[in-house]
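Next up: some structures, all given as structure tokens.
Next, two complexes with chain A in common: one pairs it with chain B, the other with chain C.
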Partner chain A sequence: MRVPPGVSAAAYAKALTEFEQVVGKEWVFTTDEDLDLYRDAYSPFLNEPEERIASGALAPSSTEQVQQIVRIANKYRIPLYTISTGKNLGYGGSAPAYSGSVVLDLKRMNRILEVNEQNAYALVEPGVSYFDLYKYIQENKLKVWIDCPDPGWGSVVGNALDRGGGYTTANYRNHFDSHCGMEIVLPDGELLRTGMGAIPNSKTWQQYKSGCGPWIDGIFSQSNYGIVTKMGFWLMPEPEAYLRCTVSVPRYQDLIPLIEILNYVENSRISAGFPDIESPLLGYPPIGQLQLWIEKGPPRMSEEHVRLLKGARVGYSAELEAHGLRAGIPYWRLWLSFHGPQEVIAAQWQATQRLFARIAGAKFEVRDTVRFPLDPAKVTDYHEPELGVPSLRVFSIGARTPWNPTPSKGHMWFSPIIPRSGEAIIEANKVFSEAASSLGMPLFNSFTLPACFWERCFIFILATPVTEDPQTNRRYREGFKKLIAVGGAHGWGEYRTAPVFQQTVMDVYSYNNHSLQRFHATLKDAIDPNGILSAGRYAIWPKHLREQKS
Partner chain B sequence: MNRREFVAASSAVAAAIGCPRLPAATRAGSPGLDVSWVLFDRRFGPSRAFGSAAADLRQRIYGIEGNVTEFWTEHLDALWRTGTGAVAGMTTAASLVCLEQLAAQHWFRVIGRVEHQRRCEQIIMHRIRAEPRWLQRLRGGLAENGSPSHFATALLEPGRRGIPQVSVEFSTNTSGQWLDAPPLVSWYIASRTATHTEFAAGTGRHEVET
Partner chain C sequence: MRAIRPGCCVLGVAALSMGVAHSETLPPDLREGRAVYEKWCAPCHDPGIEHPGTHALMTKYSGSPRASGIITEWKDLTPQYIRFMVRHGMSVMPHFRKTEITDSQLDALARYLSRMRPPVAP
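This part shows the complex of A and B:
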């Protein structure tokens, strides 16, 4: 039997007995076969001894059980690592940040406590997946939408706490921002409710976020200060209709006004749907069309076009641009979407066209007009998450790829945040492509466009493959860390990362001699003096492990 | 890898799509076998042959084109919530990663897997991971001149639980159906507590979900 680090076998055995008394013997896992389920399926340490693994796992079914587990863990100094459903592949999965921790698996806490249609909110436990919530809403014929990531298999609470993003409208795509109220088990077993939930019999826990006094919800995301056992979310009222349109512009430099105008139309909510940038001339698909391009093949390019593409630098050559102008192939295409009553979204699209018309040669096209409710048989005609429908379709892609003739065994997401401007896209491509090329990293090999999950910034989300070759994985891990540092030197930082890179990422957030990290440590020592909760998560280590590390 | 490279990389697989249809799902059942569903990918010849062989064994089959969403929402989630219901199949590795994660949601796990990857025009490599006796049967099912039904039979009769799994890699000559197929993987997913008693070969098999 595996034993957590720093814990004697005898103490661990006693703790396991007490855990069994709380959750039942069948929900305490210690065999290798059971614990294999808690390995990170995309671990960058595939087949290496440094892979982070669990010593055990516990699956409570209630908040009260979580409180008891935490008290036992304090008694025996058992390091716990909390997961909701552990589906954040590419960002660490179910595996603990501190190898040898006991995974506290909240999947059995899967109750949908309330979905309020009138005020459009839900209150759920951490084991509720996007599929679960979607199904509940459909079965109860409620006129609300969820906003889900792609794939939509994960926990609503877990994704929000990891600060994931989605694809509907700007008010809901930032999953942490769209939460309203939490219930938290603190490291000493105390129960806390945030916002209006701090009022006994609160009537507005899911309707007003901050309550009164310091608003502390943020410290429970990407952290290890408590175990969130309930969380409220604002839902989107089902729109009457949906309109998806494109704005195409002909020249490389048009990217700059294109983004400026996008920012205005989105920040003023003229268009609130997921903006998606494509480059027909560079052969770069929008996220919403990626699946269709793969299933049906990308648009064909002439030999001349392919030849000119090879000569482009940072996505540009005068010849390529001239070719695009001659052949009528836009350099950039922006996909915009509108949700609401038909007459409203028609007017929004009209205003949008007027604003973008200041770019010479801009062309406009309506791509889809949808009335809701949508016929379920037609949902795969669209990128499902943009219509609030969870999907696993992203896994329909085969595994053989030219960049990796042996199938990839997963990936590590490289996800830097950059400013919301055309200039920043070009600069980031220049910086990262030079760095990646010198490091031999399979990133930024061609001009790369960011995603628009959040309305005030861009994010690149790029997959660095995990291979079966430990030497290649080692090289990629080191290269990945160097790219993080390169980003940091330019003022860009990752929004989320796998445990193996969390220290490197947090080291970039170094203003005033790492005052943010030092504050995190101060909080940790005050809230969790025994250091039992999720040690090492986002580089927040308890005192005894900080001392060991130094 | 960015979106453009992703499309380029995937187009080789997309080009391989050719979908003579098996029924999307069939209802059958064999008293000797306890799998609830056999999954196959309609896009790829070897997987279609596997699905046909399972149907011939009177198994309930389900065809996908990579996307397991409908299978999950319509069948699998409800089945696995009951804590029982083994499922087997031959799919891409990507589909299996997805199913494996979904299985873990209910503490189900892959108890045997066989990766199949063409190495050159005429050679296909198989990598089996399973408990030793089952591994031998799986290997036998993949032997030269073996039919898809031999392999399907071997896969659908799982090995013992609680026995450490071992791995073996070997090659066979390809048949024509593998020529355009990407790497595929055959697998068997069972619950945490599914156990069975071994049986004498050819006399049938007994599995009990406890």
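This part shows the complex of A and C:
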């Protein structure tokens, strides 16, 4: 039997007996066969000694059981590691950050406690997936949308706590920002409710976020200060209609005013839908059509076009630009979407065109008009999450297709936040393409365009494959860490990362001699003095493990 | 005001089977397996290249009896093979924990997906 680090076999045996009394023998896992199911399927340490593994797993079905487990863990100093649906693939999956921890698997806590259509919010437990919530809303014919990331089997709570993003409108795409109210089991087993939930018999827990006094919700995201057992979310009222349009511009330097105007249009809520940037000339698809390119193959290019692409540097050559102008192939194309009553979104599109018209040669097209509810048979014509529909289609990335005969074993996402400007896109491409090339990292074709999940910044997302070959994985891991440092040297930091890289990423956030990390440690020691909750998550270590590491 | 407050909507595979039209025509002993398939497998393995699992299997088994890539139509799947794939994964398909698919649900899934297999001669 595996035993957690720092715990005697005898103490662990006693703890397991007490855990079984709480959750039932069936939901305490200790055999290698069962615990292998808690391995990270996309681990960059696949089959290497450093792969993070679980010593045990517990699957409670209620908040009360979580409280009892935490009290037992304190008694025997058992390191726990909390997961919700365990599908955070590319960011650690269901494996602990501190190898040997006992995974606290909340998948069985899968109750949808409330969906309120009139004021558009929901209250759910951590085991509820986007598929579950969507299905519930559809079955009850409620006129609200969820905002989901690409993989629909993820936890609504877990994704928000890891600060994931989605694809509908600006108010909802940042999943942590769109939450309202939490219930948390603290490391001593105490139960806490945040915001208006701190009032007994509160009437507005999911309607006003901050309550009164310090608003502490943020410290329970990307952290290990508590176990979130309920979480509220604001939902989007189903729009009457959806309009998808494009703005195409012909020249390389047009990227700069294109982004400037996008920022105004989005920050003013003239267009609130997910902005998606494409380069037809560079052969770079919009995120919303990536799946179509993978499924059907990328559009064909002329031999001349391919030759000119090879000669481009940081996505540019005068010859390539001239070719685009001659052939009528735009350098950049911005996809915008509008949600609401038809007369409103028509006016918004009209204003949008007037604003972008200051770019010489800008062309405007309406691509799609949709009235809701959408015919279910037509959903796959779209990038489903942009319509609030969960899917698993994103797993075509890396999977075997006629265009990808060698599938990967998984991937890890390199995803620094960069400024919302055309200049930053060009600079990030220059910096990271040079770095990736020198490190032998398979990240770049010719040019990468960022994702616009959130207002006021871009996420520059690059997928690094996980392979079956440890040597290749080692090279990619080391390269990944160097890319993180290169980004940090330019003032860019990751928004989220897998446990393997969390220390490296947090080391970039080093202002004033790492005062942020030192504050995190101070909080950890105060809130969780025995260090039982999710040690190492986002580089927050309990005191006894910090001392071991130093 | 229209608010839904179900109190406790526990999501389970059995409840989901109500929405699966195909299950109505299946023998009762295969309905639970079909429901497990619908919840956990269908998003990647239903027919069509918009389902990445199906597209991958179409590519992998091109020219063979498995060329459709549609696992619900394959005639050579054994229960043991299904159990192994669910608990071990393949390529970008991860393995599934017992809190997602219990052993008894996996048995039901294995029975359902191996139903097309011709009976073995005694």
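The rule is short, and it goes like this: the second predicted complex is superposed on the first by the 537 of 550 C-alpha atoms of A that agree within 3 Å, B and C clash if a C-alpha of one lies under 4 Å from a C-alpha of the other, contacts with A are read in each partner's own complex, and residues count from 1 in each chain.
The definition used in the following text is that contacts are C-beta pairs under 8 Å (C-beta built on N, C-alpha and C of every residue); 3 or more make two chains touch, one makes a residue touch a chain.
Computed from a predicted model, the values in this text were never measured in an experiment.
Peer 1: Mind checking chain B and chain C on superposed chain A, clash or fit?
Peer 2: clash
Peer 1: Should A:S446 be classified as contacting the first partner (chain B), the second (chain C), both, or neither?
Peer 2: first
Peer 1: For A:L392, using the defined touch cut-off, is the partner it touches chain B, chain C, both, or neither? Pick first, second, both or neither.
Peer 2: Both partners.
Peer 1: Examine A:N140 and indicate which partner it touches, taking first as chain B and second as chain C; both and neither are also allowed.
Peer 2: second
Peer 1: So in the superposed three-chain picture, is A:E295 touching just chain B, just chain C, both, or none of them (first/second/both/neither)?
Peer 2: both
Peer 1: When the two structures are overlaid on chain A, which partner does A:L89 contact: first (chain B), second (chain C), both, or neither?
Peer 2: In the superposition, A:L89 contacts both chain B and chain C.
Peer 1: Output check: A:V128 vs chain B and chain C. Expected answer is one of first, second, both, neither. What do you get?
Peer 2: second
Peer 1: Looking at A:A41 after the superposition, I want to know if it touches chain B, chain C, both of them or none. Which is it: first, second, both, neither?
Peer 2: Both chain B and chain C are touched by A:A41.
Peer 1: For A:C148 in the superposed arrangement: first (chain B), second (chain C), both or neither?
Peer 2: A:C148: touches no partner chain.
Peer 1: Please indicate which partner A:K107 is in contact with in the superposed arrangement: first for chain B, second for chain C, both, or neither.
Peer 2: Both partners.
Peer 1: So which bits of chain A does chain B touch that chain C touches too?
Peer 2: Residues common to the chain A contacts of chain C and of chain B are 34, 36-37, 41, 85-87, 89, 94, 107, 131, 135, 153, 295-296, 380, 391-393, 395-402, 407, 410-411, listed in rising order.
Peer 1: Can you name the residues of chain C that touch chain A in the complex?
Peer 2: Per the touch definition, chain C meets chain A at residues 1-11, 16, 19, 39, 43-44, 48-53, 55-56, 59-60, 87, 89, 91-100.
Peer 1: Which part of chain B faces chain A closely enough to touch in the complex?
Peer 2: Checking each residue of chain B against chain A gives 1-17, 64-69, 72-73, 77, 92-95, 97-98, 100-102, 104-105, 107, 109, 117, 162, 182-183, 192.
Peer 1: Can you list the residues on chain A that touch chain B in the complex?
Peer 2: 33-34, 36-37, 41, 85-87, 89, 94, 107, 129, 131, 135, 151, 153, 282-287, 290, 293-298, 380, 390-393, 395-403, 406-407, 410-411, 442-449, 462-465
Peer 1: Okay, in this complex, where on chain A does chain C touch?
Peer 2: By the definition above, chain A touches chain C via 27, 29, 34, 36-39, 41-42, 57, 59, 85-87, 89, 93-94, 105, 107-108, 110-118, 128, 131-132, 135-136, 139-140, 142, 152-153, 291, 295-296, 380, 391-393, 395-402, 405, 407-411.
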